[in-house]
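Structures given as structure tokens follow.
Both of the next two complexes hold chain A, though its partner changes from chain B to chain C.
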Partner chain A sequence: MNPVLRRLAAVPPAYYVFALLLLVLWIARPNMLNPNVLGIFVRQVVPLGILVLGQLLVMRVRSIDLSGGGVILLINYIITSRTFPEASGLMFILMALAIGGAVGLLNGYMVAKRRVSAVIVTLAVSIILVGLVQFLSSGKPPGDVPKYMNEIFDIKYGPLPLPVLFWLGCTALMWLALQRSVYGRYVEAVGENAEAAAFSGVPVERTVVAAHVLAGLIAAVAALVQTGSIAVGSVRVGLDLPILAVAATILGGVVFGRGEGGVWGPFFGVLSFALLFVVMTVFGIDDPGKLIAQGVIILMAAILYGWRSKRG
Partner chain B sequence: MIAFLRSGFSTRRSRNGLWGVPLVIVVLLVAVLTLATEQFATRENLFNLVAQAMPLLIAAIGQLFVIIVGGLDLSVGSVISFSTAILSLDAPAVVLIPAVFVLAGLVGLINGLVITRLNVHPIIATLAMQYILLGITRILRPVSGGDIPQIIISAVQGSFLGLPMPVFWGVIAIGLAAKLLYGTRFGLHLFGIGGGVAAGMEDAARNFGIRVDRNIVLAYVACSLFAALAGVFLAGRIVSGDPNVGLLFELDAITAAAIGGTQLSGGVGSLHGTVLGAVILALLANGMNMANISPFVQTAIKGGLLLAIVGLQSRKKMGL
Partner chain C sequence: MFDGQQEYLVEMRGISKAFGPNRVLRDVSLCLRPGSVHALMGENGAGKSTLMKILAGVHKRDKGLIRMNGVDLNLPSPREALSAGISTVFQELSLLPNLTIAENMFLGREPQTRTGAPDRRRMRAETAAALAELDLKLDPDQLVSTLTIAERQFVEIAHGIKADASVLILDEPTAALNAADVEVLNRSIRNLRAKGRVIVYISHRMDEIFGICDEVTVLKDGQYVGTRAIADVTPDQLIAMMVGRELADLFPARAGNLAQPVLELRGFKAAPKARAFDLTLHQGEILGLAGLEGQGQQRIMRALIGRHPVFGGSLHLHGQALKFPNRANGIRSMARLGLGFVPEDRKEEGLMLGLSVAANLVIGLHAEKPAVAPARALRDVVQRMSDALRIKTASPATPVGALSGGNQQKVLLGRYLAQGLKVLVIEEPTRGVDIGAKSEIYGLLRDFTNAGGAVLVTSRETVELIGLCDRLAIVHGDTVVAEMPAGQATEHGILAAALTTEGVAA
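Right, the complex of A and B next:
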């Protein structure tokens, strides 16, 4: 292949999709392209953006985590149902992290030690959590979100909402961790070739368990942000996030075991989804159309990678 | 006979998997339910049980084909919903019924081609298909409704020779799958391909002259066609098109196959085990309904069961 073309094909599709959607929006609704409007749309995808940080970590060690939806639902239920009326904000944060960490540990144990299919494990865990929440709430919305959570979520610095800044900070932290830390090297080695990594003394199983625990903790953080973004608790909140997170990650150039896209590729993958929702709203495309678009995007990104990896 | 039964409890030298364990579980469940409740062993409840179990049984048989080659089809639930939506459209039955199977076959063909030719992981490919198809289904039928052709309703709800119709659906589905899996070269090749994949030797089957890609594509087509059959059956039962009726069906189908001793890494599994797995799930649902357990808890219990079953099947490979 032509070297220029090869360089262009190596850029994660997220950047192209982002540019394309920006162009579409610029032509169709130029007045939407102001920082205040975009800030609000980007703020909506912050929970997704945070969840993606966990997803890209597990996908780089050739695993997957679809349990984020259940984790978000359970944490949202605990906060909004007033099961713990006395609990302070700090208590909620600790509870959320405990839940996320425990679910991540279970996932990691099953995937790395028991060698069970990660899709099956994390989907089953999600189903258990969703069933549990729906049973506890009898399928009805639990209650209101504490006011201070909404207030924190609404803070803005100029056109920049606080959640967006928080997301940027988390992404930069993950970028540093993967770039600089020994653990980041382990992740890369396990993703590249688990067997070779094991022979070179990399603790493969522990690396994968740790990736799942981190993904669980990150899902808990996403749950807190998601809860702050809504006024009333819900028994459906966050259920489609894990799958969107997988799509955004693939779009961002991170596929099972390979991480060319780094953390900023998936970051732009999430931004692409934010723009996609804007464009779809502008053109009046409703939910079925969104489902189809999500499916097509996942498929196209995966095909692109499949095609490239086949050609070496 | 004794030797055959004994093979169900051994993990060695058998591609059938541990189907003896589910057999024992079925016998125990039936015994417990018969003794513990008066309703269970009634003619009415048993007929109802067969009708309830049938869609899952058919879908699980389809899932078995792709699991044997080391794949997985997450689009089964969407194919089921899609089939009921197609059947609820305003057109004569002679058009709708063939259309369901042609379209489902096409879905399987696309799944298979994307996986084999475009080198996409089966889980990603079929997950994307699940979304696309769900979107199309919701365009066709946003909420449940519409009319199902009368011929399907009579074929599902009636009875024949004193037996309820669902029994015949089961006999046909199992017979068809038995012929395909155990009576054709196609079935033999599926086990060959999956055995190689499970052992980490993807090229093994190809080196023996098996057309690997073509057989894998056909396995996905078979899976979608069985899912469509389950959808047609369900449409006759609920007498309308429903965009959500197939939700999470693919996981129940995987659970049924896994309980029946089918190993998700490929190469090991059996039709009789899968049928037993579906029967176990149906018996559990029946028992939990009689005990008035909330459907939400039932969902959670099924999830836990899936987790426990796959947790017991150790495999070499780590990850997806």
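Right, the complex of A and C next:
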């Protein structure tokens, strides 16, 4: 391959997809390219965007986390079901983080210490949590989301919604952590070659466990934002998010063990999903069509993953 | 030819090859007599692999001609080379572990029965015949995953000769083999030679070259240096041909008087039934574990970082009694105490090949810090190590996998030297490294001990241990059976000590 092409191929595909969708929108509906409209659409994908931060972390240490769906569902249920009528906002945040952290610790222990397949462990954990919520709710939808959560979610600074700013902040924080901390070096080393990392003195197991705990905590944060975005609780909320998060992460140029896309590649992967919804709405495609398009993108991401890892 | 008898089976003459601006071969010739084993030697980067890949049809030559039985060959692809009777066994193992030996041998070109199903009976029979030609007693239905590394290597070779090849290229076939297996391989090679085949043998190991080969061709910097009959040269002369220096010049001066002990093993047992032994490493000393391969040198060394179980004994480091470390954090806890372990397998256990030279150099220093600490770039350390080790790289940001073997090995050593450790335990300090870089690494290790460090080392190359070390401990049956000053040791003496002393208690 010639050097220019190789350079271009090394750019995470998310940037191309994003640019392409922007172009389509610009040609088809230039009036949609206004900050207020886009802000609303981007705000919708913030829970996904936050979840992706955890996903890219575990994928960089050659693991995966599919338990986010169950975590989001359980936290959403606890907040909307009035199981704890007296609980304050802070209490909910602490409960959410405790659930996310515990699930992450379990995932991490199973993956790093017991060497169980990450896909199976995290999927099983998610299924257990979903079953738990269905048991607790007996299948009936829970109650309303506390008003203040919706209000916080709706705050805007000019055209910029608060959740979008929050997502941007979280992403910057993750970028800084991976770039500037010793832990970031551990992640890089373990992802490249876990055995060599161990012989260099890197605490490999602890690095993987920590990645899963962080991913669990991040899923809890995503759950809080997701809850703020809806008015009424649901027993189905957030279940498609983990697989979308995997797709956005791969689109963003992060494949198992390799992180060329860094943090911003997956960020643009998520933005691409947001733009895709805009474009499909513009062309009058309904939910079934959107679902199919989502599936196609996940499929493409999987093909891309196979291609990239073969090249590597 | 005129007399009806070809002197050479294969002639490569005036071969030149460039990759872009990089001229890797200039006017190189190689002539192979039927019924001979021909060694191809040279430092890494001398052009051996490229020359062989041209013969195997992997690369196309820019200039020159290749003749086989007096007929010009074009060799545009590996398939053409194979059908011309040129077969290659590369160093990398390429068998599929979940298939049987027979299935691997016929992978992609299974013979078919009339119903279109694979003809298993024929596959089995032909595989058995190919294995028998190598004097191997393996069942064609055995899964490759159940074979030892050595057996896999033999299956690869059987795979290579099955195609009825008259030229067999073996690229470092013994890298994964121990001494007993090397002997089996040598017997197979002699069998093939007796059948009039030509074997091209690429290896860095002198004892093998002199044990099995008839002729040797030496390349240096992509140019032809000469071809000699093995009977007419000495190892020193061969090395001189490769690097323009004599063997004795490779090794630095030995240490003077030995100071206080640094690492002491007492009543140490590396295997349940092995005899307990004592071993002491002194400050300023390079101590080598010598002996036949696979006799426990590696197990003893790995036990020091918890990568191999210990069955008794005590460990003192700098006079302080320690418990033997466990597997989970042995490497980290020993590094904190000033002992570093340099693994043998650069690609699997040593380096993170996709990461930069700088990242590979400083990861050990980072690993001493807590995870939440800020990661400094440590450019001064990278610069200092690159200078001290003379690492040849375009930039510290270059992926370490793009470097030559010698430079990769220096980066690996540099990581542990940068940590300011006091004791280095090194498996194979110079595996797959060319002679120029070997000499530099010997010098670096001696600088390390002269500055107050101590090194425990093992190597498959006994000559290297004799030249590099101050003292040798001969290991046999998982125990130390003799100790001797390296200055008085000979390969013969080491072998005799290993085999005549009672090592195994049971």
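Please note the rule applied: the second predicted complex is superposed on the first by the 298 of 312 C-alpha atoms of A that agree within 3 Å, B and C clash if a C-alpha of one lies under 4 Å from a C-alpha of the other, contacts with A are read in each partner's own complex, and residues count from 1 in each chain.
In the analysis below, contacts are C-beta pairs under 8 Å (C-beta built on N, C-alpha and C of every residue); 3 or more make two chains touch, one makes a residue touch a chain.
The structure displayed is predicted, hence computed values, not measured ones.
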Fit or clash between chain C and chain B when superposed on chain A: clash
Which superposed partner A:R29 touches (first chain B, second chain C, both, neither): neither
Which of chain B and chain C A:V296 touches, first, second, both or neither: first
Touched partner set for A:I127, first chain B, second chain C, both or neither: first
First (chain B), second (chain C), both or neither touched by A:E188: second
Which of chain B and chain C A:A198 touches, first, second, both or neither: second
Most chain A residues touched (candidates chain B, chain C): B
Partner chain(s) touched by A:R180 [first = chain B, second = chain C, both, neither]: second
Touching partner for A:T207 - first (chain B), second (chain C), both, neither: second
58-66, 76-84, 130-138 or 202-210: stretch of chain B that collides with chain C: 202-210
Contacts on chain A seen with chain B and repeated with chain C across the two complexes: 205
Contacting residues of chain C [partner chain A, same complex]: 328-329, 331-332, 335, 341, 343, 348-355, 359, 363-364, 366-375, 415
Complex contact set, residues of chain B against chain A: 72, 74, 114, 118-121, 123-125, 127-139, 142, 248, 251, 254, 258, 264, 294, 296-304, 306-307, 310-311, 313-320
Residues on chain A engaged by chain B in the complex (per definition of touch): 61-64, 110-112, 114-121, 123-128, 130-132, 134-135, 139, 194, 204-205, 208, 243, 246, 250, 256, 287-296, 298-299, 302-303, 305-307, 309-310
Contact footprint of chain C on chain A as seen in their complex: 180-186, 188-189, 192-193, 195-203, 205-207, 210, 258, 312
